[in-house]
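There are structures below to look over.
Below, chain A partners chain B and then partners chain C, in two separate complexes.
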Partner chain A sequence: MKRREFLSKSGTVAGAGLILGAPSILKAAEGNNNKVNVALIGMGKQGRVLFEAMSNIPGIHFQTVCDIWDYNLDGGAKKVQALQGHMPTKYTDIDELLEKEKGLDVAIVATPDFWHSPHTVKCLDAGLHVYCEKMMSNTIDGARAMVRAMERNKKLCQIGHQRRSNPRYRYTLDHLINHHKICGTIVNINGQWNRAVKSSQDIKYSKRLTIDSDRLAKYGFKDMHQFMNWRFYRDLSGGPISDLGAHQIDVFNWFLGCQPKSVFASAGNDYFKTREHFDNVMAIFEYDSEQGPVRAFYQVLTTTSAGGGFYESFMGTDATIKISESAASSSIFRESTAPEWDDLIQRGYLRRKPAPPKPEATDGISSYASAAPEEFTIPGVLNKPPHQNHLENFFASVRGDATLNCDARHAFESEAPIFWVNPSALQKEPIIFTPEQLQV
Partner chain B sequence: MKTELPEEVIEGSPRPKGVPNLSPETKKFPKFLVPEGTVLLSKDKKVTSSDDYPILGEVAQITDGEKEAGEGFFVELTEGTQWVQIDLEKSSPLYAILVWHFHSQKRVYHDVIVQVSDDPEFKSGVTTLFNNDYDDSSKLGKGTDNPYLETRYGLLVNGKGTKGRYVRLYSKGNTSNEMNNYIEVEVFGKPE
Partner chain C sequence: MSKESTESAEACQESKAKQCHDCLGVVFATLLLRLWLGVRALQTGIEKFAGKVMSEQAVQIDGEAYDADLTEVASTKGYALDNYHGIPESMKDTFAGEPLMMGWALKVYDFVLGPALLILGITILLGIGSRVSLFLLGLLYVSLTWGLILIKQDSGVAWLGIHVIMIAMALNWSKHNRLCILKKW
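Presenting the complex of A and B:
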């Protein structure tokens, strides 16, 4: 897809393939005094994170909760009760919920990845708007089905790439990269999410909370270990490149405004040898962007926190922007040959960091190195939970006051290349994308 | 003094702390001397709390000996200043109190206050052993102890031989959410 076409479908512009029926949006706004009735589908860790972010947004009524684990279901319902003063209805089975609950406007889907597509499609088909966690699905066909269901039902479907609503990211793209072009020509991208071994252990559970085997089997899990650690299993998730990498590779594609033309990946189970998914993945994407060729490297390592956690670096002829959800990991580095930025600094677009002390040239090597770049900070701090802005954008869109920052079609276009990383690593071959591989 | 430490497991992304005067992160269990004959008094002792209906789990888990990170090992009390209280059944000199709120994420609990008394209502004879409510937002008196990051090593509070039957612990949410959590509390003392 060309940059202009991609951009026209991204950001604040409504998608070409997404034709929103006005009545479907206004129903929530006018029918219930602006109150939006919400079903919480999945109240595990991520469901709770989303709930806590939503609890800061006015006008939401949490009507019902659904989870196959009584521990999550009861705990989630009690959280709702603590927030809004009365108990929501509770369901183990989503089909029963959709059959019995009346007046719902929205479903928040935070179930394991292999359930994202079936649950999202069911909710869209039932006439609800949906916010679904990323990665859209563990299969590309599952993701395609979500796009088709959104467009077939003319409902909203936001995918949880929350950086797309993060003010730091939006400011950096709109003002610094696109308007002021402070990177010059972006020639390379580097991104990573590296986690220490201690952050990658099996998730444990108290044995008194074991789900009976019939219920586990009904919902696709062979045992409690698989239920608690579904991210390790190939039939249930996309592994670390999907869990962690999807956020950042989405940023690559969003910022460049196009899809890559190829991927070449290498990966292995070098530490967690019994896990089905790779524990470390390195991938190179190649782009023909509007400004020229761009080569992007991404790594996700679950066995070391080396290199400072998670960030994306956009490396240009004039500057590199290193950006992250963490403000402390975000910086801009100006090349010594770049045009002066004094005007931007005076107008508050950038803040200069104090220059580091000059290293003494003692090893004879530093004379070959480039001058250390000046470092700048990106103004602004997100003082809300990381997902709140994205959810605010979703609920504003449900009320007809905004357009989605990451609807399912745009999310699919950005996520599609990610589905081909594991196959490339397994085949030990680059994959040159065909249109069919990246389209709905 | 020795205790069994839980395995280190960190889940999810670090959350911003924004807490002033944060103590350096505990990297190892501190060396702490207690009088000979000091034993764990709190195992399986009755626990009550200011929240009659915990959101997750049961308060009995606070003294059940399980300190692991993971689902189902912690109790979650509602938001605001909340307390849990352990009844040791007899008044004894106490030398150490260990507290694990929630150690699988780098978070800080607000207004951590640890008190000892022989009065179950904590209206008289109350000794405060730890208080990091630096701005007195819980209205129990301003504390001078520093906020700290949760780790698998827990918080070690010096009991200073304070005699008491009841141990009460307060908190007021944390840097990740508004809720109050406990995995385990251990009270060490010398039975009389």
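Presenting the complex of A and C:
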């Protein structure tokens, strides 16, 4: 069955209350228009990642670039020039850009987290559709403002949870979990993003590229170190749980189709003692999903790469699906008591992995252990840069040919619980969510 | 002929034969070293033009292609001028953040590195101005070493150190270098 066919057939399921997984009802009012004029707001590392992904999408005109750092601004503009043959206009100030530039359709916002909400709201109020990087904001009120601005202006606002447009993730949810129910009943979820100390160091900068202090102050940075390392500061970012954790916790909520009812977190400044944000965070979310209670454990550790990087594991009574953006880190483990999958394998839904050799019992413990589950793989790999499908979905929606896979309201519903992880860890207490804490 | 002179002539012949025997070994050693260094530089230069060609073989579910973006393999390797990258993209920002690294120098280096490796690889393999080519390749490796010291890639520094030692050995044996197109320089 083709993906589109499946989606149309499963539309009734989406409409039956799985609000987090339902596609957006928002669609650009305008009809087909091949050329879309784009403003690139923020041309740092993530801005360039998005630009590279967009450079593969036809019909985009990069009209203007905005960044407060000349190094990013000039470098980004040159990349645009190399792609489309002429230099875009350049701005250091978004207000000036929005005032002077005419004919813009879309803004791509990839600025530091604490600027996401102000920039997105400004652009939506100026009549642009917006693609904004996750996490929506460093504050829950900032995220709320984005949803309100999207709905007030009746413009599109896609949030950069790119897994929502990844065909491997969509296939796994639609076919393996929802349709064929290979997990049985999902009772636990486990996810992580672990990063080595070496990859978690302060980002250095060349003194000759320093931004003058007045400009830094105007845009909310006390100095150049803070500008380069805004992720370490509480007023500028949500820390590792939002930088990295937001991706996986969004998948938890999207796949389960509901928000958690509570969170209990433990965290600390275990290695990077002077940073404002926790360097290691462990959180447990509890859900009352349609299929029953689910407990989800998530850890983000910036002090070790051990444990296999980043992934999400959906652990059911019949099978566990471990999925990651990296196909090599993905696997499916079938419980010995689960129904046979020979038919699904024959039809291409799953691939069987060669069985590993049986380990010989060398101690008395093995007699207590369950038999090792059979291992399978999700078929196929994504043949595009990881953000491209999500951007394609956004631009198709702008043209009126699709609906957003992760509009600001759905992203808010998924992200809202993440805002309460750090408070739970600070208070050393579980937080039982009230509707006010999770709603716009 | 006296007995002494006969013995002396035999000793001389024996010495010449031994020298020739040793010489052949050094000639082979020099050729192998030249071959290794040439191939190393040439292929490294070619790899600067390597990129991904996205796969189009879609995964089949129930006998039909599921999604054009979900393929059996993500990409295969291909070579094109458009793929050129002297310094890997992931390392450019790291270098740009180094106070001692001049921005203009980084751009020039990014532009020059690939062609330089290609040209030096070819000249070393064909034996065109071998000594100058080896010396220039050595300088190139020294410059790479400096960059890696800046970003604390100690294993890469050690690896390049071995390359420079091999170049020094090749220069030391350059009088045994054979099969050259241009022996001068």
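Here, the second predicted complex is superposed on the first by the 407 of 440 C-alpha atoms of A that agree within 3 Å, B and C clash if a C-alpha of one lies under 4 Å from a C-alpha of the other, contacts with A are read in each partner's own complex, and residues count from 1 in each chain.
Criterion: a residue touches a chain if its C-beta (ideal position, glycine included) is under 8 Å from a C-beta of that chain, and two chains touch if they have at least 3 such contacts.
The shown structure was predicted, so the numbers you read here are calculated from the model rather than taken from an experiment.
Overlap between chain B and chain C is detected when the two structures are superposed via chain A. Applying the stated contact rule after C-alpha superposition, one finds that A:325 touches chain B and leaves chain C untouched. Legend: residue contacts after superposition of the two complexes on their common chain; A:79 is shown touching chain B, with no touch to chain C.
In the overlay built on the shared chain, the residue A:71 is in contact with chain B and with chain C.
Applying the stated contact rule after C-alpha superposition, one finds that A:203 touches each of chain B and chain C. Shared-chain residue A:347: touches chain C; no touch with chain B. In the superposition on chain A, contact of A:45 is made with both chain B and chain C. By the touch criterion defined above, A:167 lies against chain C but remains apart from chain B after alignment on the C-alpha atoms of chain A.
When the two structures are aligned on the shared chain, A:387 is found in touch with neither chain B nor chain C.
When the two complexes are overlaid on their common chain A, residue A:175 makes contact with chain C while staying clear of chain B. Two complexes overlaid on chain A leave one chain C stretch from 4-12, 40-48 or 58-66 clashing with chain B, and it is 40-48. Note: residues 45, 71, 203-206, 208-209, 228, 327 of chain A belong to the chain B contact set and to the chain C contact set alike, using the contact criterion stated above.
Chain contact summary for the complex, chain A toward chain C: residues 1-3, 45, 71, 167-168, 171, 175, 203-209, 228, 327, 347-349, 379-384, 389.
Across the complex, chain B meets chain A through its residues 7-14, 16, 53-56, 66, 68-73, 76, 78-79, 177-178.
Interface residues of chain C facing chain A in the complex, by the touch rule stated above, are 54-56, 58-67, 69-75, 93, 96-99, 101, 103. Of all residues in chain A, only 45, 49, 52, 71, 75, 78-79, 82, 196, 198-199, 201, 203-206, 208-209, 228, 309-310, 325-327, 386 touch chain B in the complex they form.
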